[in-house]
Amino acid sequence: MTTLGIGIQVAAMLVGGAYVLAVADRLIGGSGSNVRSAFSYPVKRLSFLMLQPVTTTERPDLAAWILAPSLLLGLAAVGAVSIPIGGPSPGGDIPAGLVLFGAAMLIVLVAVFIFGWAPNSVLPMIGGYRFAAMVLSIGIPFSLVVLTTAIPAESLSVGTIVESQSSLWYLLVQPLGLPIYLITAAAIAFWGPFDLPEGTDLAGGIVAEASGARLAMWRFARAALMVTLSLMGAAVFLGGYLGPVLPGWLWTVIKTAVLLILLALTGRTMARIRVQRFVWFGWVVLLPLALVDVFVSGWVAL
Amino acid sequence: MGLKARLVHLARTGEVPVFAVVGGGYRSAMHQLRHADGIRIVTSPRHASVLLIAGTFTEAATETVNRVHDQMAGPRVTVGWGHREPMLAPTRANPAGDTSEIAAVIRRQFHDVVTGAIQPEPPLLPDVDPVEWRGVGPYGHGGTGMTGGTPYGRPLALRAPDRDGLELDQVPVTIGPWFAGFPPGLALRVSLQGDVAQAVEVVTTSVVSSGPPGVFTRALHEPTPIRDLEMARARHHLEWMADTLLIAGADRLSLRADRLAETIQPGDVEHVTRLTAAARRSLLRLMTLRGVGVLSADIDMVGLGPVARAAGFSDDRRTPEPAYRDIGFQPVTHDVGDAWARFAQRAAEAAQAVDLAARAGSHRAFGSGEVEAPDGHHQAGETGPADRLTSMLDAVLPGMEWGDLVTTVQSLDIDMESVFFGRPPT
Amino acid sequence: MIDLLLVIAAAVFGIGVYGALSQQSFVMIMMGLELMLNSAVLVVVTFWWGTTGGNPSGQLLVIVILAVMAVEAAIGFALVTAVYRSRKADITEKLRRLRF
Amino acid sequence: MNPGLLSYFLVSAFGIGAVVSGWLVFRTDSMLRAAYWLMVSFVAVGAMLVVLDAQFLGLILILMMSGEMTIMAIFMIMFMMNPAGLNPMTMVHQHRTSMVAGVGSFLVLAWVGVVAEFPDRPAPAVDPTAALGEELLGRSMLIFESAGVALLAVMIGAIALAAKRGRFGDADAGSVEPEIDVDTGSRT
Amino acid sequence: MVGIGAALIVFVALLLTVGAAQWVWAATGENDSTVPERVPFAGGAEPEFHAWNRFHIRYYAMALLFLAFDMEMVFMYPWAVVFVRQGLLALIEMLMFILILVVGMVYAWREKSFEWD
């Protein structure tokens, strides 16, 4: 597989997945609209945002403000590159893919933090700091549950982890894994009910000062991040491209879409958590559970 | 067709991002507009293209409304909705009709401004710096030394002590009166140290003016059918629940509460209890409200209505009213007195109100110059409970994290119309 | 290749030395230290890759340096907080004595 | 050992990136930018490690440092006056000495690097991560476990130093241990 | 090497193209904005101070705890790869390591490092 091939594959997944997520979110959380309008909704919204002028504030850190959406999108793409989509690809395999993915997802914190800091406005800044509190509390359990899937596979390569699930998905072998992964993934993508940095109580938080193309890029980058996280969830817990009859890439698409829709469902129906409760939840509930997951799965793998 | 023309073609029929400034008499109507077709109420003017000025205001609102107008990203259009003198900003259209009419007007205006049929509005405020600063510092940035001067037009925040022992910067910042997390018209000057409010001051200028009197205002002076009173109470509480759920991010449930407020009929107790159960399932209690905004026991709660009853005070003006006694009214109470207790209290009162309305028959109540409104005990010619709740804020809110502060303010159900004009909401 | 890598590492180290010596603020001094450790990581991996035949001890040394960085940062920040709490000072000039 | 031209190019590019961003750390007024320039420097070094077939080490360096640099940014903004650099400032002392020391150490080290002869024993192309794991659990087990103890000490030490509430009361109230009553042995 | 190279190329390409596009957008958009249009949004009121300040985070102790646990992750990656090969020994060694760190976590919890009211 060539670099260009990987690039096209990732771009198709991210754009397609972002569209699916936007439509699902619209159908679940939208107000009084019919099903048909939901399918054109993302395109119309994007068109309007592209037309809208990009506003600025009195004294922003403009470089950081411009960098943040590009960085977020770049990180989502890098995360996606580490995941095989259509089938085993010996050439495109990254031996330490899991670490690459983990690093990319931690740097998301940088993108969000500088996006909140850049406009020099109180409400976005609080949003950025809230996200820092969130990621510092769930970063460890997030990495741990992903890492646990590497134990039976004996490799940090995502391709090998997928291959090692040919007899049984890790969803069943490591029952704690996927739930913790989805909770922490939603938090890393600041998706509801963990959308603290973008909360209504901050009038939009980190995006309160963003308009037009900047907002459009940020929204798209966030959706792409959700897709990457779902892709990884599908790869390491649901057997990725493995599946009968259908071609491998279609299995990846189906499994990713299922996870995306699951996340979209919880996003608009659950109440947003308080930041202190979340910090407590991350350290006192999720981290011990993730450690239990590691050692129980390790015991089983022996 | 060029790229821009293509984008215009797609965008003109899209959903309209509306930033709403809500004045007297239109709080309830806004709840219906929230789920009108093709309208999206946004929380920041930076996302909006249409400024909706709904209801009536005082002159004092002009500055803030104009500022919000200028902060809109555009292409800007201002639409009034039952907006009367004093006019805060030039409006393109100003219908006074129902939700579907205003929604159609907003969509039309948006369509026209996106396609270029009408010119977008220019900014309203004069283009002058808040203070002279250009060219003052050595780099033209307006400051000297480490923290001196007004670089780029504003001073830097100063240090202040903190209970944590770290004397770091404290930024006084005024939030409101058109902030989505607060009731419309409420502005707070909060001294923020990090994300914690160290001091809170209520900005006392009245910006919303009074809308038409509601059923509880009439009940002050003449006996009113209990059925009307209780249905108005149920609607008020349901709309408040919708607001709370919206701020808590449970959009879908908020929508459901709004719809229920619109369609509820006497006797629909089941609907209200199901909504409450759904709110509980959304982990509203566990994640957001529990333990937040507990009112200390030394606060005089008499007459504060649901706020007092949520803290265990069985204090209700309806209890001695003969008509209410006849239909078997008993006040409900909760204990703890945190934000969740107030949510559960209002949900229970909404259910009770619907039940009472079904059993009220032709009973009438009040007319004695006193009334138990949804926010508490009102007396003719006196300031109501909302005024007392507002003056409590500077004592209750300090020390809270910002999100908890917003949750607490919302849980107290302060209606600024009631604060400034001393009469019951709804 | 090894020469090139070592020159780069030396440059990063030199900047770290400059930063650690010239900065007044505690946290900026820590940045200088981190840069020096950064160059140490580069040097260790260079030698691991080019001269030791892939001896895993080299890799372990990198991990130990990472641990040193984490320890330095955590204790450094904690000290900065403690000093600020008692002296309201964030730069070295304000400290004449090193006791509370 | 025969690294290709591409490796040379990549190492040079990342090397320049690491040096320039390292320099910019001390040349910016914004504390946020200073912290994140340092992160860029670490990421560039991490990328060089990846080019040197130490993929795991390079990526883990990036992973570690992204978290650590955000914490650094948060602490710098918390404690530095004028953290965004809205008023330009220079907070340096003994500038000339430091400059000489910096350039001097660069010249000495670079000279050593260029002049010294090193053995040519390239790393074999086996999975280095597994080798590291076996080293960690086998021969160097003691290092690994003592790292755990060191980290525990760091955790407790850091929290004890940073937190306001000490075991014997608030830090700004002195946090003094109560005196022991010699006669009864109880604390007063 | 193709995989990691692709990651690098995709990342750099996106950073440059999206960044450049946004820079153009920002450059065309802000020139004609008036002072009131640039005032940060605070619900209609005007800010008195710059928002950038010495932001007092309340979770600094937790942030330091994260540093230590992040280091733990570094040890766990190579451990996970050789776990099955090394067997019970690996499990016990890591269990010891983690238990040591959990002591620190419990200490932080007891010191109320996870709350700031």
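Labels for the chains are A, B, C, D and E, by order of writing; each one numbers its residues from 1.
The rule is simple: a contact is a pair of C-beta atoms (placed from the backbone, for glycine too) under 8 Å apart; a residue touches a chain by one contact, two chains touch by 3 or more.
This structure is a prediction, so every number in the text was calculated from the model and none was measured.
Counting C-beta pairs in contact across B-C and across B-E gives the higher total for B-E. Distance from per-chain Cα centroids to the pooled protein Cα centroid is smallest for E. Farthest from subunit E in terms of Cα centroid separation is B.
The mean-CA centres of subunit A and subunit B are about 33 angstrom from one another, to the nearest whole unit. Between subunit A and subunit E the centroid-to-centroid distance comes to 14 Å (mean Cα coordinates, whole Å).
The distance from the centre of subunit B to the centre of subunit D, with each centre set as the mean of the Cα atoms, comes to 48 Å. Multi-chain contact residues of subunit C, defined as those touching 2 or more other chains: 63, 66-67, 70, 73-74, 77-78, 81, 84-85.
Residue positions of subunit D with contacts to 2 or more other chains are 55-56, 60, 63-64, 67-68, 71, 74-75, 78-81, 84, 86, 127, 129, 132, 134, 136, 147, 151, 154-155, 158-160, 162, 164, 171-172. Across the assembly, subunit B contributes residues 44, 46, 71, 151-154, 156, 159, 164-166, 168, 171, 173, 175, 179-180, 194-195, 401, 404 that each touch 2 or more other chains.
Taken together, the chains touch in the following pairs: A-B, A-D, A-E, B-C, B-D, B-E, C-D, C-E, D-E.
Contacts from subunit C toward subunit E in the complex involve residues 63, 66-67, 70, 73-74, 77-78, 81. Touching subunit D in their complex are the following residues of subunit E: 4, 8, 50, 52-57, 60-61, 63-68, 70-75, 77-83, 85-86, 89-90, 93, 96-98, 100-101, 103-105, 107-108, 111-113. Contact residues of subunit B toward subunit E in the complex are 44-46, 64-68, 70-71, 123-130, 151-157, 159, 162, 164, 166, 168-180, 182, 187, 193-196, 203, 399-401, 404. On the subunit B side of its complex with subunit A, the touching residues are 4, 6-8, 10-11, 13-15, 17, 34-40, 42-44, 46-47, 49, 71, 73-75, 114, 151-154, 171, 173, 175, 179-181, 192, 194-195, 245-253, 255, 279, 282-284, 287-288, 292, 401-404, 406-407.
Residues of subunit A touching subunit D in their complex: 59, 61, 64, 94-96, 99-100, 102-103, 106-107, 109-110, 113-114, 117, 120, 129, 132, 135-136, 139, 156.
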